[in-house]
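Below you'll find the structures, each written out as structure tokens.
Both of the next two complexes hold subunit A, though its partner changes from subunit B to subunit C.
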Partner chain A sequence: MGKKGWLFDVNKCTGCHACEVACATWNQTGAVSWRTIAKIEAGSYPNVTTRNLSMPCLHCDNAPCMQSCPVAAISKAADGVVSVNQATCVGCMLCFWACPFGVPTFGAEGKMSKCTYCGDRPADLPRACEEVCPTKAIVSGDMEELESLAALQGGERVGGPAGPALFIIR
Partner chain B sequence: MSLMSLFWVLIPLFIGILFMGLYRNLLVKLAVIFGASGRFIPLQEVDAAALGQAYTEEVLLQKRIRLRGRLPWARHMLISWGFTVLFAFDILTALFTKYVPLEAFNHGHAGWLFLKFGLNLSGMVLLVGLLIALLRGAAATDEARFTDRPGAIFLLLVVLSGFVAQAMHFANLPPEPSRGWALLGHWLGEALRPWAPYLGSYSFFWMAHALLASAFLAYLGWSRMIHVFAAPLGRIFYSQPALREAKVRAVMEGLLKPRAGKS
Partner chain C sequence: MKETAGTTATLERLRDARMTPGICYVCPWTCPTEVFTRNGEVVYVRGNTQASTKGSRCVKGEASHVLAKDDNRLKHPMRRVGPNEFERIGWDEALGLIAEKLTAIKAKWGPEAVAYLWHVDPNSVFAQIFLTECYGTPNYYGHTSACEQDRRLAALTVLGHVFPVHDYERSKFIMLLGINMLGANQNLYESRGLLAALAQGARLVVVDPAFTATAEKAHEWIPIAPGTDGALLLAMAHVIVQEKLYDEAFCRRWTHGFDELCAHLVERGYTPEWAEGITDVKAGTIRRLAREFAAARPAMIETFKGLGNYSNGLDASRMVYVLNALTGQIDGPGNLILKDWAPLQPPLSVPEERKSKPTRPPLHVAMGYPLAPDLPTQLLPEAILKGTPYPVKGLFFQCTNPVMSEPNTRLYRQALGELELSVAIDTYFSETAAECQFVLPEASFYERAEVRQSLAMPPEAILCVPALDPYHEARPVYEIVRGLAERMGYGDLFRWDSWEEWARRIVRDLPTDLDTMKQTGFWSGELKYNKFEQTGFATPSGKIELKSESFAKHGYNPLPEYRNRKVVPDTDYPFQLINTKFEMHCNLTTQSNPILLRIRGENWAELNTADATRLGIKDGDQMEIVSPTGRVVIKAKVRPGIRPGVVCVRHGHGFGHWQGIAKGRGTHINPILDTNVNPISGGIGYNECKVRIRRV
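On to the complex of A and B.
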């Protein structure tokens, strides 16, 4: 089974938040958002630009959240997807501090929740966020396929000791 | 080896296991966090008001659990405060009756009655919390999956053995009205009095209680109970919104920076 990951094209993202809505709807996360959408403005008038990034859990190779969990509530499956067992989670929030991307979120009940890579969706369907993205800025799939796709479009894998499963086109 | 010498070997051993657990399951994890961020939180960046608010809401009042419902909140408050106050009274009892003995804390004196009252009241509070937790855990509700049943049963054994040992001790002594300050210990003692004396079984229960209590300390570091230490720490960190935002923003800016050669 290939490792799963993401390819994100910064140049295509318009920051419309459709991915966030689709994610919250499919996963029934309520007020909690499993995606962080950042908008960075650059340049000076009249040459200004905005760049957007919609980021879910990056299912890192060496997931720091998993390494920092004091009760081993976070695990990594054979397909690379990092998941949390809410019954074991004690809601200490140390995972948020360990995650370089600040991905773990905490709802009213205090337990950690985050992107599950739409684990309950049929395999032949795209992830909920990917499905609704109007500009196709989000692509999910096997890391090997994503690597080839990224190489074709001038993308690169995001580095760092955590090893996030993300290719980015900037 | 006598039972007493075994006791003095096991107590430091259990405390050592607790510290090993804290090192392995908390300090090493904190090292991962600070290793990942590459720095400690600078003191001047700490929002003291938010810190104070988080401490009050998350640690003292445990408001986040209140959002799950009144019963889970009451249960957690009873257990955490019962345990904390009981632990504090245990330390005071050891201090004033064994290591720095003061006359006021001699058997039957005002200080002794105060300690007995504190120990028994906090023990009763803890007992009620544990019973609610176990009853709720047994029910087929969504809340049941959050119950740490092994931890609750273990703590229940510690508390019950303590009450039984104390009651046997009181039942062996002549009746004394002021002992009523010992609440459940006194009531149980009076109930057991017709079958006194309990010379052999009292020391067994006392030893069992002391060993179970120390074993529970060891268990704290190696089970979900480690949240006693980890949750206040993590939640106080989380209370710093500026640091939270800065942490994510720095990464986002790095990812959004155009590649060299691209505008």
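On to the complex of A and C.
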């Protein structure tokens, strides 16, 4: 089984939040959001640029959250998807501090939750966030497949010791 | 690469859920959907993957499943018994009382004294038929004057089309003025097409005082001086004429007034140098844009609501279509598309001998706006309060909230109090409903049936099948109108055993049938280009009217000209106030959705970093905005992406009384706007406002 990951096209994302709502709706996340949307405006008038980012869990190769967890509640499956066992989680938030991307969220019950890569969706269907995206800025799939897709459009894998499973086109 | 899920693909979670085709009506773009329900609850909604939106949805639509069981919705008919006081009544009593008043008003004042207004129009064709044909008032209107009134009149008079759409995907050069395709209400296939065009190397130029979500994606952002777009466009046309960059064969064959327009542009001296002094866009830039646009094939220039926010927006909007015509860029691949409509028929017909004929002209004509494509609603309070041009005594408001959405809100509230009959039909209570004598709960798009046109490029009809049982006592408009018709002697015409009966009549000329559509949710015809080669243009001359015969007939200048906007900043009020939308809210209808409220719960006013520094205003500060009409306090957002000298309000928040959990969050800006009506189109000049600001 290939490792799963993401391809994100910064040029296509408009920062509309549809993916965030689709994720929360499909995964019934309640008050927490498993996707973080950022609109970053830079420059000075009239030379302004904006970058939109929509960030889920990046299901890192060397997931720092997993390494930081004192009760081994976080695991990585054969397909690369990082998940948390809430029954084991003690809500210490060490994973939040370990994650370079600030992904783990904590609801009212105090347990960690985050993107499950829509675990109950068959692999040949889009993730909830991907399905809704009006501009098709989000693509999920096998990393090898995403690598060739990214290469076609001048994208590259995001670096760093954690090894985030994310190709980005910018 | 995988495609989006097909209609037949099964998700484990949806295995025993029932799918019905739907129409998302959270905004007027009406995207076709697939609604999955189980045990009377919506479990999942996705875009109809086979229709032209291809499965994608917008953030507002995605959050709209909340509607299905939102406890804040209207549950039963109510009658107003005092200020902010309502009592529950039954449907029978409500409809009986409304029918009585309708009969009394007709007898005393004539049928024209009743008008119907909508913001979104699910099934309002039933109200239209009943009121215009049976009751006899010509006054059935929408909300266009608060939206793209100037653009609509420009498209009608220049191109003979009410609502051009866009073949972005095939375009090579796209110039957008006052239209935020990727940020405001979204026509989803167009958003995707625009991004696809850019990926294929198309050039995008965005002209807007604000660095919008669309400007973010542009190769060039031109932060033009507010309300001067007409000068820029006239100067571009001047260059195209002077340098003979037009498509002469196309212009000779398909346009009317070509030579007059060319002479007019030169005589008036609409040069790039002239425009530079008005627009603050360099003459060299204007010249280059004109050349780039004229050389690109295919190309398009487009606008929507933005230009019409100024009193001079109509001729600016006309120039948008004139430029497309000069270069022969109309209705071809990659151009503006003069959309073909699906051949839908009325759900019922009224025999000639049963029809009531009005004796007075429609209100917009009587008000002196014969070309207005929709009612100049800013003049409605005056009509009610003074009885000019003729008495208005009864009003229906379907899913529209003019007490919030119109400038000069106080006058609107006062006028509503003078009516003999006022009826709000809505899913939620509103500031307008609060002033109405009767409030009728409307079924949402999960509980009602509808067949309507889609806004896709090809002719396309879309179907909404009720997915849920009625919500409490809420009824669809077709049932509400049937109730009135039965009480006023027209029950035999508004008779059906099920919605399928009238839906079959609507689709009878389609090359499909209702049963097929109940499976697919839509019927889509062939996308055809250059349809005018067979049909001509629906204008008086049958050609594209660079010189408008409709304008000439009513004594307006048939050739587009430049006038300054009405309100210009001065020493006392040094800033121009402009309005934009949030991408996660639709006008006034979504702010109390708890999901959207969490993402954007309040609005703000944006100002340029340099202005803010000068005035000691920091990002997040509370800021006072004072206009000659009034004063509000609003949160400041400081950013480089806004033209200096401009205050840009994200509108839609600041509900005072009624919008559920959105109450009291953010600031309602309209109380500081004065009445401003475009002299020909009747559109509302929301941006005709000068202000001063200070930190509080």
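Note that the second predicted complex is superposed on the first by the 170 of 170 C-alpha atoms of A that agree within 3 Å, B and C clash if a C-alpha of one lies under 4 Å from a C-alpha of the other, contacts with A are read in each partner's own complex, and residues count from 1 in each chain.
In the analysis below, a contact is a pair of C-beta atoms (placed from the backbone, for glycine too) under 8 Å apart; a residue touches a chain by one contact, two chains touch by 3 or more.
Source: prediction; values computed, not measured.
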item	value
Fit-or-clash call for subunit B and subunit C when the two complexes are aligned on subunit A	fit
Subunit A-centred angle between subunit C and subunit B, computed on Cα centres after superposition, in steps of 10 °	120
First (subunit B), second (subunit C), both or neither touched by A:132	second
Which of subunit B and subunit C A:97 touches, first, second, both or neither	first
Contacts of A:22 with subunit B and subunit C, given as first, second, both or neither	second
Partner chain(s) touched by A:109 [first = subunit B, second = subunit C, both, neither]	first
First (subunit B), second (subunit C), both or neither touched by A:122	second
Touched partner set for A:148, first subunit B, second subunit C, both or neither	neither
CA minimum distance (subunit B, subunit C), superposed complexes, angstrom	10
Shared contact residues on subunit A - subunit B and subunit C	52
Sites on subunit A touched by subunit B in the complex	10, 36, 38, 40, 51-53, 55, 64, 67-71, 86-88, 90-94, 96-102, 106, 108-111, 154, 156, 158, 161-162, 168, 170
Interface residues, subunit A side, partner subunit C - complex	11-12, 14-18, 20-22, 24-26, 31, 41-46, 48-50, 52, 120-122, 124-126, 131-136, 139, 141, 145, 149, 153
Touch list for subunit B against partner subunit A, complex	25-26, 29-30, 32-33, 36-37, 64-65, 67-68, 145-146, 223-224, 226-227, 230-231, 233-235, 237-238, 244, 247-249, 251-253, 255-259, 262
Residues of subunit C touching subunit A in the complex	1-2, 4-5, 9, 11-13, 44, 46-47, 55-59, 62-63, 65, 182-183, 186, 188, 191-192, 195, 198-199, 211, 213, 216-217, 221, 223, 583-584, 595-596, 598-599, 608-610, 639-644
